[in-house]
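Presented sequentially are two complexes of chain A, the first with chain B as partner and the second with chain C.
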Partner chain A sequence: MRSRVDRYSPPVVRVVVEVMPKPEILDPQGQAIARALPGLGFTGVGAVRQGKRFEMVIEATEDEALRQAAAMAETLLANPVIEDFRVHRQG
Partner chain B sequence: MPGRIGVVTFPGSLDDRDARRAVRRAGGTPVALWHAEEDLHGVDAVILPGGFSYGDYLRCGAIARFAPIMRVVVDGARDGLPVLGICNGFQILCEAHLLPGALIRNVGRRFGCVDQPLIVGNAATAWTSAYTSGQRIVVPLKNGEGCYLADERVLDELEATGRVVARYAVDDEHPDPNGSARAIAGVCNPDGTVVGLMPHPEHAVEALTGPGQDGLGFFTSILGAVPGVLAGR
Partner chain C sequence: MRSRVDRYSPPVVRVVVEVMPKPEILDPQGQAIARALPGLGFTGVGAVRQGKRFEMVIEATEDEALRQAAAMAETLLANPVIEDFRVHRQG
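For the complex of A and B:
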(Lines of atoms letter the chains of each structure in order from A and count residues from 1; the text may use other names and numbers.)
(Lines give C-alpha, C1' and ligand atoms only; values in the text may rest on other atoms or scores of the structure.)
Protein backbone atom coordinates (compact mmCIF):
# COMPACT_ATOMS: atom_id res chain seq x y z
CA MET A 1 0.00 0.00 0.00
CA ARG A 2 1.40 3.44 -0.94
CA SER A 3 2.05 5.85 1.87
CA ARG A 4 0.61 9.33 1.86
CA VAL A 5 4.11 10.79 1.14
CA ASP A 6 4.58 8.54 -1.90
CA ARG A 7 1.22 9.44 -3.29
CA TYR A 8 2.06 13.13 -3.33
CA SER A 9 5.73 12.86 -4.52
CA PRO A 10 6.16 14.22 -8.03
CA PRO A 11 7.78 11.88 -10.51
CA VAL A 12 11.57 12.11 -10.67
CA VAL A 13 13.57 11.55 -13.85
CA ARG A 14 17.33 11.25 -14.13
CA VAL A 15 18.42 13.02 -17.30
CA VAL A 16 21.82 13.19 -18.99
CA VAL A 17 22.98 16.00 -21.27
CA GLU A 18 26.13 15.30 -23.27
CA VAL A 19 27.90 18.26 -24.85
CA MET A 20 30.60 17.78 -27.49
CA PRO A 21 32.62 20.21 -29.61
CA LYS A 22 31.21 20.23 -33.14
CA PRO A 23 33.18 17.95 -35.47
CA GLU A 24 34.54 20.87 -37.48
CA ILE A 25 35.57 22.83 -34.37
CA LEU A 26 39.14 22.59 -33.17
CA ASP A 27 39.49 20.68 -29.89
CA PRO A 28 42.95 21.55 -28.46
CA GLN A 29 42.27 19.56 -25.27
CA GLY A 30 41.29 16.43 -27.17
CA GLN A 31 44.37 16.81 -29.38
CA ALA A 32 46.62 17.11 -26.31
CA ILE A 33 45.17 13.91 -24.87
CA ALA A 34 45.62 12.12 -28.22
CA ARG A 35 49.26 13.17 -28.29
CA ALA A 36 49.86 11.99 -24.71
CA LEU A 37 48.42 8.48 -25.20
CA PRO A 38 51.20 6.92 -27.30
CA GLY A 39 53.69 7.74 -24.53
CA LEU A 40 51.57 5.61 -22.18
CA GLY A 41 51.61 2.68 -24.57
CA PHE A 42 48.19 3.32 -26.17
CA THR A 43 49.34 3.44 -29.76
CA GLY A 44 46.17 2.67 -31.70
CA VAL A 45 44.17 5.81 -30.85
CA GLY A 46 43.35 7.85 -33.95
CA ALA A 47 41.54 10.83 -32.49
CA VAL A 48 40.21 12.06 -29.14
CA ARG A 49 37.41 14.58 -28.61
CA GLN A 50 36.78 15.98 -25.14
CA GLY A 51 33.28 16.93 -24.08
CA LYS A 52 31.11 17.45 -21.00
CA ARG A 53 28.42 15.36 -19.36
CA PHE A 54 25.71 16.76 -17.10
CA GLU A 55 23.57 14.49 -14.90
CA MET A 56 20.40 16.00 -13.49
CA VAL A 57 17.49 14.92 -11.35
CA ILE A 58 14.34 16.64 -12.56
CA GLU A 59 10.96 16.52 -10.87
CA ALA A 60 8.65 16.10 -13.83
CA THR A 61 7.26 13.49 -16.17
CA GLU A 62 9.83 11.95 -18.52
CA ASP A 63 8.70 13.92 -21.56
CA GLU A 64 8.65 17.17 -19.63
CA ALA A 65 12.06 16.46 -18.04
CA LEU A 66 13.65 15.76 -21.42
CA ARG A 67 12.07 18.89 -22.86
CA GLN A 68 13.38 21.00 -19.97
CA ALA A 69 16.87 19.51 -20.26
CA ALA A 70 16.98 20.29 -23.98
CA ALA A 71 15.95 23.88 -23.25
CA MET A 72 18.69 24.13 -20.60
CA ALA A 73 21.23 22.77 -23.07
CA GLU A 74 20.23 25.28 -25.71
CA THR A 75 20.41 28.29 -23.42
CA LEU A 76 23.19 27.49 -20.95
CA LEU A 77 24.83 24.06 -20.96
CA ALA A 78 26.02 24.18 -24.57
CA ASN A 79 27.13 27.01 -26.84
CA PRO A 80 25.45 26.22 -30.17
CA VAL A 81 28.17 28.14 -32.03
CA ILE A 82 30.80 25.55 -31.13
CA GLU A 83 29.03 22.60 -29.49
CA ASP A 84 26.42 19.93 -30.17
CA PHE A 85 24.38 18.30 -27.40
CA ARG A 86 22.40 15.13 -26.83
CA VAL A 87 19.74 14.63 -24.16
CA HIS A 88 18.67 11.24 -22.85
CA ARG A 89 17.28 9.49 -19.83
CA GLN A 90 19.88 7.97 -17.52
CA GLY A 91 19.93 4.17 -17.23
CA MET B 1 30.24 66.84 -17.81
CA PRO B 2 32.61 64.34 -19.39
CA GLY B 3 31.22 61.09 -20.74
CA ARG B 4 30.15 58.65 -18.04
CA ILE B 5 31.52 55.21 -18.86
CA GLY B 6 30.22 52.28 -16.81
CA VAL B 7 32.54 49.40 -15.94
CA VAL B 8 30.82 46.22 -14.77
CA THR B 9 32.27 44.19 -11.91
CA PHE B 10 31.31 40.52 -11.89
CA PRO B 11 32.46 38.08 -9.21
CA GLY B 12 35.90 37.16 -10.56
CA SER B 13 36.48 40.31 -12.64
CA LEU B 14 40.15 41.35 -12.49
CA ASP B 15 40.58 44.37 -14.70
CA ASP B 16 37.59 46.48 -13.71
CA ARG B 17 39.78 48.84 -11.68
CA ASP B 18 42.29 49.27 -14.52
CA ALA B 19 39.44 49.91 -16.96
CA ARG B 20 37.99 52.61 -14.69
CA ARG B 21 41.45 54.14 -14.40
CA ALA B 22 41.88 54.10 -18.18
CA VAL B 23 38.56 55.93 -18.55
CA ARG B 24 39.74 58.56 -16.07
CA ARG B 25 43.11 58.98 -17.82
CA ALA B 26 41.28 59.46 -21.12
CA GLY B 27 39.30 62.31 -19.52
CA GLY B 28 36.03 60.49 -18.82
CA THR B 29 34.09 59.74 -15.67
CA PRO B 30 34.19 56.05 -14.75
CA VAL B 31 31.07 54.62 -13.11
CA ALA B 32 31.31 51.31 -11.26
CA LEU B 33 28.43 48.97 -12.18
CA TRP B 34 27.61 45.85 -10.17
CA HIS B 35 26.68 42.53 -11.80
CA ALA B 36 23.70 41.93 -9.52
CA GLU B 37 22.06 45.28 -10.25
CA GLU B 38 19.73 45.67 -13.17
CA ASP B 39 20.66 49.35 -13.51
CA LEU B 40 23.05 51.19 -15.83
CA HIS B 41 22.87 54.40 -13.74
CA GLY B 42 22.46 56.44 -16.91
CA VAL B 43 25.95 55.79 -18.31
CA ASP B 44 26.81 56.72 -21.90
CA ALA B 45 28.71 53.48 -22.62
CA VAL B 46 29.66 50.24 -20.87
CA ILE B 47 32.89 48.29 -20.54
CA LEU B 48 32.83 44.57 -19.66
CA PRO B 49 36.31 44.04 -18.22
CA GLY B 50 38.71 41.13 -18.23
CA GLY B 51 38.97 38.45 -15.59
CA PHE B 52 37.33 35.14 -14.78
CA SER B 53 33.68 35.99 -14.17
CA TYR B 54 31.95 33.35 -12.04
CA GLY B 55 35.22 31.37 -12.10
CA ASP B 56 34.83 30.76 -15.85
CA TYR B 57 32.69 27.77 -14.81
CA LEU B 58 30.96 25.89 -17.64
CA ARG B 59 32.44 28.12 -20.39
CA CYS B 60 34.12 31.52 -20.18
CA GLY B 61 31.34 34.11 -19.99
CA ALA B 62 28.51 31.55 -20.00
CA ILE B 63 27.25 32.36 -16.49
CA ALA B 64 28.01 36.10 -16.62
CA ARG B 65 25.80 36.38 -19.67
CA PHE B 66 22.77 35.76 -17.44
CA ALA B 67 23.76 38.24 -14.69
CA PRO B 68 21.04 40.83 -13.95
CA ILE B 69 23.21 43.70 -15.28
CA MET B 70 23.50 41.89 -18.62
CA ARG B 71 19.76 42.19 -19.21
CA VAL B 72 20.07 45.97 -19.37
CA VAL B 73 23.42 45.83 -21.18
CA VAL B 74 21.98 43.58 -23.91
CA ASP B 75 18.80 45.68 -24.24
CA GLY B 76 20.89 48.87 -24.29
CA ALA B 77 23.33 47.49 -26.87
CA ARG B 78 20.41 46.62 -29.16
CA ASP B 79 19.30 50.27 -28.88
CA GLY B 80 22.77 51.64 -29.71
CA LEU B 81 24.48 51.78 -26.31
CA PRO B 82 28.23 51.42 -26.99
CA VAL B 83 29.74 48.38 -25.27
CA LEU B 84 33.39 47.31 -25.18
CA GLY B 85 34.14 43.77 -24.01
CA ILE B 86 37.78 43.16 -23.17
CA CYS B 87 39.06 39.56 -22.90
CA ASN B 88 36.50 37.93 -20.57
CA GLY B 89 34.16 40.76 -21.62
CA PHE B 90 34.62 39.69 -25.27
CA GLN B 91 33.75 36.12 -24.26
CA ILE B 92 30.63 37.40 -22.48
CA LEU B 93 29.55 39.40 -25.57
CA CYS B 94 29.89 36.28 -27.73
CA GLU B 95 27.95 34.16 -25.22
CA ALA B 96 25.25 36.86 -25.15
CA HIS B 97 25.09 36.74 -28.98
CA LEU B 98 25.84 40.45 -29.23
CA LEU B 99 28.88 39.42 -31.29
CA PRO B 100 29.24 36.40 -33.57
CA GLY B 101 31.62 33.51 -33.00
CA ALA B 102 33.16 32.05 -29.86
CA LEU B 103 36.45 31.97 -27.98
CA ILE B 104 37.93 28.58 -27.17
CA ARG B 105 41.08 27.25 -25.49
CA ASN B 106 44.29 28.60 -27.07
CA VAL B 107 45.59 26.22 -29.71
CA GLY B 108 48.88 25.84 -27.79
CA ARG B 109 46.81 25.24 -24.61
CA ARG B 110 49.06 27.67 -22.74
CA PHE B 111 48.03 30.82 -20.96
CA GLY B 112 49.90 33.50 -22.90
CA CYS B 113 50.99 36.87 -21.50
CA VAL B 114 52.82 39.15 -23.95
CA ASP B 115 53.01 42.70 -25.21
CA GLN B 116 51.18 41.97 -28.44
CA PRO B 117 51.43 44.01 -31.63
CA LEU B 118 48.06 44.49 -33.31
CA ILE B 119 46.92 45.95 -36.59
CA VAL B 120 43.80 48.09 -36.29
CA GLY B 121 41.39 46.84 -38.94
CA ASN B 122 38.50 49.24 -38.50
CA ALA B 123 39.05 52.77 -37.17
CA ALA B 124 35.43 53.77 -37.69
CA THR B 125 33.88 52.05 -34.64
CA ALA B 126 32.74 53.92 -31.54
CA TRP B 127 35.80 52.55 -29.72
CA THR B 128 38.55 52.92 -32.37
CA SER B 129 38.04 56.33 -34.00
CA ALA B 130 41.23 57.68 -32.39
CA TYR B 131 43.26 55.25 -34.53
CA THR B 132 43.81 54.97 -38.25
CA SER B 133 42.97 51.86 -40.22
CA GLY B 134 46.11 49.76 -40.61
CA GLN B 135 47.81 51.36 -37.59
CA ARG B 136 50.13 49.09 -35.60
CA ILE B 137 49.71 49.30 -31.82
CA VAL B 138 51.17 47.28 -28.93
CA VAL B 139 48.82 46.18 -26.17
CA PRO B 140 49.18 43.43 -23.55
CA LEU B 141 47.48 40.12 -24.33
CA LYS B 142 46.86 37.65 -21.50
CA ASN B 143 44.44 34.77 -21.83
CA GLY B 144 44.00 31.04 -21.86
CA GLU B 145 40.84 30.97 -23.96
CA GLY B 146 41.52 33.53 -26.68
CA CYS B 147 41.24 31.45 -29.84
CA TYR B 148 38.52 33.19 -31.85
CA LEU B 149 36.37 30.89 -33.99
CA ALA B 150 33.38 31.35 -36.25
CA ASP B 151 32.25 29.44 -39.30
CA GLU B 152 33.73 30.39 -42.66
CA ARG B 153 30.58 32.17 -43.82
CA VAL B 154 30.60 34.41 -40.72
CA LEU B 155 34.33 35.09 -41.06
CA ASP B 156 33.89 36.07 -44.72
CA GLU B 157 31.04 38.40 -43.78
CA LEU B 158 33.04 40.00 -40.94
CA GLU B 159 35.92 40.69 -43.32
CA ALA B 160 33.73 41.90 -46.18
CA THR B 161 31.88 44.36 -43.93
CA GLY B 162 34.91 45.72 -42.08
CA ARG B 163 33.92 44.17 -38.78
CA VAL B 164 37.40 42.85 -37.94
CA VAL B 165 38.39 45.59 -35.48
CA ALA B 166 41.94 44.33 -34.87
CA ARG B 167 44.22 41.47 -35.88
CA TYR B 168 47.31 40.00 -34.28
CA ALA B 169 50.43 41.18 -36.12
CA VAL B 170 52.23 37.87 -36.61
CA ASP B 171 55.86 37.98 -37.75
CA ASP B 172 59.23 36.37 -37.01
CA GLU B 173 59.43 38.02 -33.61
CA HIS B 174 55.78 37.60 -32.69
CA PRO B 175 54.34 34.11 -33.16
CA ASP B 176 50.60 33.48 -33.50
CA PRO B 177 49.47 33.92 -29.88
CA ASN B 178 46.43 31.63 -29.76
CA GLY B 179 45.40 30.21 -33.14
CA SER B 180 42.51 32.59 -33.77
CA ALA B 181 40.81 32.25 -37.15
CA ARG B 182 42.34 34.75 -39.60
CA ALA B 183 44.41 36.21 -36.72
CA ILE B 184 41.31 38.02 -35.41
CA ALA B 185 41.88 39.87 -32.14
CA GLY B 186 38.62 41.80 -32.09
CA VAL B 187 35.30 42.17 -33.91
CA CYS B 188 32.31 44.51 -33.79
CA ASN B 189 28.57 44.48 -34.44
CA PRO B 190 27.25 45.87 -37.75
CA ASP B 191 26.87 49.39 -36.27
CA GLY B 192 30.38 49.49 -34.79
CA THR B 193 28.97 50.26 -31.34
CA VAL B 194 29.63 46.88 -29.72
CA VAL B 195 33.28 45.83 -29.84
CA GLY B 196 34.92 42.71 -28.44
CA LEU B 197 38.67 42.61 -28.03
CA MET B 198 40.93 39.90 -26.62
CA PRO B 199 43.96 42.12 -25.86
CA HIS B 200 43.87 44.62 -22.98
CA PRO B 201 44.08 48.29 -24.00
CA GLU B 202 43.41 49.33 -20.38
CA HIS B 203 46.86 47.97 -19.48
CA ALA B 204 48.55 50.25 -22.04
CA VAL B 205 47.50 53.73 -20.98
CA GLU B 206 50.74 55.01 -19.44
CA ALA B 207 54.43 54.21 -19.86
CA LEU B 208 55.01 53.49 -16.17
CA THR B 209 52.78 50.43 -15.95
CA GLY B 210 52.43 49.19 -19.53
CA PRO B 211 54.31 48.81 -22.79
CA GLY B 212 53.21 52.31 -23.80
CA GLN B 213 50.04 54.32 -24.24
CA ASP B 214 48.76 52.65 -27.39
CA GLY B 215 45.61 51.44 -25.61
CA LEU B 216 44.41 54.87 -24.54
CA GLY B 217 42.80 55.45 -27.94
CA PHE B 218 39.96 53.01 -27.18
CA PHE B 219 38.93 55.21 -24.25
CA THR B 220 39.45 58.58 -25.94
CA SER B 221 37.52 57.24 -28.96
CA ILE B 222 34.42 56.49 -26.95
CA LEU B 223 34.52 59.86 -25.21
CA GLY B 224 34.59 61.51 -28.62
CA ALA B 225 31.88 59.19 -29.95
CA VAL B 226 29.44 59.40 -27.07
CA PRO B 227 27.56 62.61 -28.03
CA GLY B 228 27.28 61.53 -31.66
CA VAL B 229 26.16 58.05 -30.75
CA LEU B 230 23.60 59.40 -28.33
CA ALA B 231 22.28 61.86 -30.91
CA GLY B 232 21.73 58.95 -33.26
CA ARG B 233 19.59 57.00 -30.79
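For the complex of A and C:
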Protein backbone atom coordinates (compact mmCIF):
# COMPACT_ATOMS: atom_id res chain seq x y z
CA MET A 1 0.00 0.00 0.00
CA ARG A 2 1.43 3.40 -0.96
CA SER A 3 1.14 6.34 1.40
CA ARG A 4 -0.04 9.74 0.23
CA VAL A 5 3.58 10.99 0.38
CA ASP A 6 4.74 8.17 -1.94
CA ARG A 7 1.93 8.87 -4.37
CA TYR A 8 3.06 12.45 -4.93
CA SER A 9 6.87 11.85 -4.84
CA PRO A 10 8.68 11.27 -8.13
CA PRO A 11 9.27 7.54 -8.58
CA VAL A 12 12.74 6.42 -7.53
CA VAL A 13 14.34 3.16 -8.66
CA ARG A 14 17.47 1.49 -7.26
CA VAL A 15 19.35 0.11 -10.26
CA VAL A 16 22.35 -2.22 -10.54
CA VAL A 17 24.71 -2.27 -13.54
CA GLU A 18 27.03 -5.29 -13.77
CA VAL A 19 29.99 -5.03 -16.14
CA MET A 20 32.10 -8.10 -16.95
CA PRO A 21 34.94 -8.70 -19.43
CA LYS A 22 33.62 -10.49 -22.53
CA PRO A 23 34.33 -14.26 -22.40
CA GLU A 24 36.80 -14.07 -25.30
CA ILE A 25 38.77 -11.19 -23.72
CA LEU A 26 41.80 -11.94 -21.52
CA ASP A 27 41.19 -10.93 -17.89
CA PRO A 28 44.57 -10.38 -16.19
CA GLN A 29 42.96 -9.36 -12.87
CA GLY A 30 40.94 -12.56 -12.73
CA GLN A 31 43.99 -14.61 -13.70
CA ALA A 32 46.09 -13.00 -10.96
CA ILE A 33 43.44 -13.93 -8.39
CA ALA A 34 43.20 -17.49 -9.71
CA ARG A 35 46.99 -17.85 -9.39
CA ALA A 36 47.02 -16.48 -5.81
CA LEU A 37 44.28 -18.80 -4.52
CA PRO A 38 46.19 -22.11 -4.12
CA GLY A 39 48.84 -20.36 -1.99
CA LEU A 40 46.05 -19.22 0.32
CA GLY A 41 44.66 -22.72 0.67
CA PHE A 42 41.86 -22.48 -1.90
CA THR A 43 41.92 -25.35 -4.39
CA GLY A 44 39.48 -26.36 -7.09
CA VAL A 45 38.70 -22.76 -8.08
CA GLY A 46 38.98 -21.78 -11.74
CA ALA A 47 37.66 -19.44 -14.43
CA VAL A 48 37.93 -16.41 -12.15
CA ARG A 49 36.72 -13.23 -13.88
CA GLN A 50 36.76 -9.75 -12.34
CA GLY A 51 34.28 -7.08 -13.34
CA LYS A 52 32.56 -4.04 -11.92
CA ARG A 53 29.27 -3.50 -10.13
CA PHE A 54 27.50 -0.16 -9.92
CA GLU A 55 24.56 0.74 -7.72
CA MET A 56 22.62 3.96 -8.22
CA VAL A 57 19.30 5.65 -7.56
CA ILE A 58 17.40 7.03 -10.57
CA GLU A 59 14.40 9.34 -10.38
CA ALA A 60 12.20 7.83 -13.08
CA THR A 61 9.71 5.07 -13.69
CA GLU A 62 11.24 1.58 -13.64
CA ASP A 63 11.27 1.18 -17.45
CA GLU A 64 12.79 4.62 -17.95
CA ALA A 65 15.38 4.05 -15.18
CA LEU A 66 16.53 0.76 -16.72
CA ARG A 67 16.69 2.38 -20.17
CA GLN A 68 18.79 5.26 -18.75
CA ALA A 69 21.09 2.87 -16.89
CA ALA A 70 21.72 0.86 -20.09
CA ALA A 71 22.57 4.08 -21.93
CA MET A 72 24.94 5.06 -19.09
CA ALA A 73 26.58 1.64 -19.26
CA GLU A 74 27.14 2.00 -23.01
CA THR A 75 28.61 5.50 -22.81
CA LEU A 76 30.40 5.66 -19.45
CA LEU A 77 30.34 2.58 -17.21
CA ALA A 78 31.42 -0.12 -19.66
CA ASN A 79 33.60 -0.40 -22.74
CA PRO A 80 31.26 -2.30 -25.08
CA VAL A 81 34.18 -3.45 -27.24
CA ILE A 82 35.65 -5.61 -24.47
CA GLU A 83 32.92 -5.73 -21.80
CA ASP A 84 29.36 -7.01 -21.52
CA PHE A 85 26.89 -5.36 -19.18
CA ARG A 86 23.62 -6.26 -17.52
CA VAL A 87 21.14 -3.85 -15.95
CA HIS A 88 18.53 -4.80 -13.37
CA ARG A 89 16.47 -3.39 -10.56
CA GLN A 90 18.13 -3.85 -7.16
CA GLY A 91 16.64 -6.42 -4.79
CA MET B 1 17.41 -35.25 -14.82
CA ARG B 2 21.16 -35.93 -14.40
CA SER B 3 23.04 -37.98 -16.97
CA ARG B 4 25.37 -40.79 -15.93
CA VAL B 5 28.37 -38.53 -16.77
CA ASP B 6 27.06 -35.79 -14.44
CA ARG B 7 26.52 -38.27 -11.66
CA TYR B 8 30.18 -39.33 -11.62
CA SER B 9 31.76 -35.90 -12.30
CA PRO B 10 32.80 -33.79 -9.30
CA PRO B 11 30.11 -31.17 -8.63
CA VAL B 12 30.91 -27.76 -10.09
CA VAL B 13 29.24 -24.54 -8.96
CA ARG B 14 29.35 -21.15 -10.68
CA VAL B 15 29.65 -18.58 -7.88
CA VAL B 16 29.37 -14.78 -7.86
CA VAL B 17 31.04 -12.56 -5.25
CA GLU B 18 29.81 -8.95 -5.11
CA VAL B 19 31.97 -6.45 -3.23
CA MET B 20 30.68 -2.93 -2.49
CA PRO B 21 32.07 -0.06 -0.40
CA LYS B 22 30.33 0.08 2.99
CA PRO B 23 27.58 2.75 3.04
CA GLU B 24 29.52 4.92 5.52
CA ILE B 25 32.72 4.83 3.44
CA LEU B 26 33.41 7.58 0.89
CA ASP B 27 33.38 6.23 -2.66
CA PRO B 28 35.40 8.59 -4.89
CA GLN B 29 34.90 6.45 -8.02
CA GLY B 30 31.14 6.54 -7.60
CA GLN B 31 31.23 10.27 -6.93
CA ALA B 32 33.29 10.91 -10.06
CA ILE B 33 30.73 9.02 -12.13
CA ALA B 34 27.83 10.90 -10.51
CA ARG B 35 29.52 14.20 -11.36
CA ALA B 36 30.16 13.19 -14.98
CA LEU B 37 26.58 12.12 -15.68
CA PRO B 38 24.81 15.50 -16.09
CA GLY B 39 27.37 16.56 -18.71
CA LEU B 40 26.48 13.42 -20.67
CA GLY B 41 22.77 14.20 -20.53
CA PHE B 42 21.82 11.93 -17.61
CA THR B 43 19.87 13.77 -14.95
CA GLY B 44 18.09 12.51 -11.85
CA VAL B 45 20.80 9.96 -11.06
CA GLY B 46 22.29 9.91 -7.56
CA ALA B 47 23.92 7.75 -4.91
CA VAL B 48 26.26 6.11 -7.42
CA ARG B 49 28.49 3.49 -5.80
CA GLN B 50 31.15 1.47 -7.59
CA GLY B 51 32.18 -1.96 -6.46
CA LYS B 52 33.56 -5.20 -7.84
CA ARG B 53 31.99 -8.35 -9.17
CA PHE B 54 33.77 -11.70 -9.39
CA GLU B 55 32.61 -14.81 -11.20
CA MET B 56 34.31 -18.17 -10.68
CA VAL B 57 33.82 -21.90 -10.97
CA ILE B 58 34.38 -24.00 -7.83
CA GLU B 59 34.65 -27.79 -7.75
CA ALA B 60 32.60 -28.56 -4.67
CA THR B 61 29.05 -29.05 -3.49
CA GLU B 62 26.98 -25.86 -3.47
CA ASP B 63 27.21 -25.31 0.31
CA GLU B 64 30.96 -25.91 0.31
CA ALA B 65 31.48 -23.67 -2.76
CA LEU B 66 29.60 -20.78 -1.13
CA ARG B 67 31.54 -21.27 2.10
CA GLN B 68 34.83 -21.24 0.18
CA ALA B 69 33.83 -18.15 -1.81
CA ALA B 70 32.97 -16.28 1.41
CA ALA B 71 36.37 -17.21 2.87
CA MET B 72 38.05 -15.98 -0.36
CA ALA B 73 36.12 -12.72 -0.17
CA GLU B 74 37.26 -12.17 3.42
CA THR B 75 40.92 -12.89 2.74
CA LEU B 76 41.54 -11.77 -0.84
CA LEU B 77 38.63 -10.28 -2.82
CA ALA B 78 37.32 -7.70 -0.34
CA ASN B 79 38.71 -5.50 2.40
CA PRO B 80 36.22 -6.20 5.21
CA VAL B 81 37.16 -2.96 6.98
CA ILE B 82 35.76 -0.79 4.18
CA GLU B 83 33.79 -3.20 1.98
CA ASP B 84 30.75 -5.46 2.31
CA PHE B 85 30.47 -8.60 0.25
CA ARG B 86 27.72 -10.96 -0.84
CA VAL B 87 28.14 -14.46 -2.22
CA HIS B 88 25.58 -16.31 -4.31
CA ARG B 89 25.23 -19.02 -6.89
CA GLN B 90 25.24 -17.67 -10.45
CA GLY B 91 21.98 -17.68 -12.37
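One rule holds in what follows: the second predicted complex is superposed on the first by the 83 of 91 C-alpha atoms of A that agree within 3 Å, B and C clash if a C-alpha of one lies under 4 Å from a C-alpha of the other, contacts with A are read in each partner's own complex, and residues count from 1 in each chain.
The rule we apply is simple: a residue touches a chain if its C-beta (ideal position, glycine included) is under 8 Å from a C-beta of that chain, and two chains touch if they have at least 3 such contacts.
Please read these numbers as outputs of a predicted model, since none were measured by experiment.
Shared-chain residue A:Pro28: touches chain B; no touch with chain C. Once chain A of one complex is fitted onto chain A of the other, the partner contacts of A:Phe42 are limited to chain C, with no touch recorded for chain B.
For chain A, the partner with contacts to more residues, out of chain B and chain C, is C.
Of the two partner chains placed around the shared chain by superposition, chain C is the only one that A:Met20 touches, whereas chain B remains out of contact. Contacts of A:Ser9 after superposition: neither chain B nor chain C is touched. By the touch criterion defined above, A:Thr61 reaches neither chain B nor chain C.
In the superposition on chain A, A:Leu76 makes contact with both chain B and chain C.
By the touch criterion defined above, A:Gln90 lies against neither chain B nor chain C after alignment on the C-alpha atoms of chain A. Touched by chain B in one complex and by chain C in the other are residues 76-77 of chain A. Chain C meets chain A in the complex at residues 10, 18-20, 30, 33-34, 36-37, 40, 42, 44-60, 68, 71-72, 75-77. Residue ranges on chain A touching chain B, taken from their complex, read 21, 24-26, 28-29, 32, 76-77, 79, 81-82. Interface of chain B with chain A (complex): residues 58-59, 62, 66, 94-95, 100-102, 104-109, 147, 149-151, 179.
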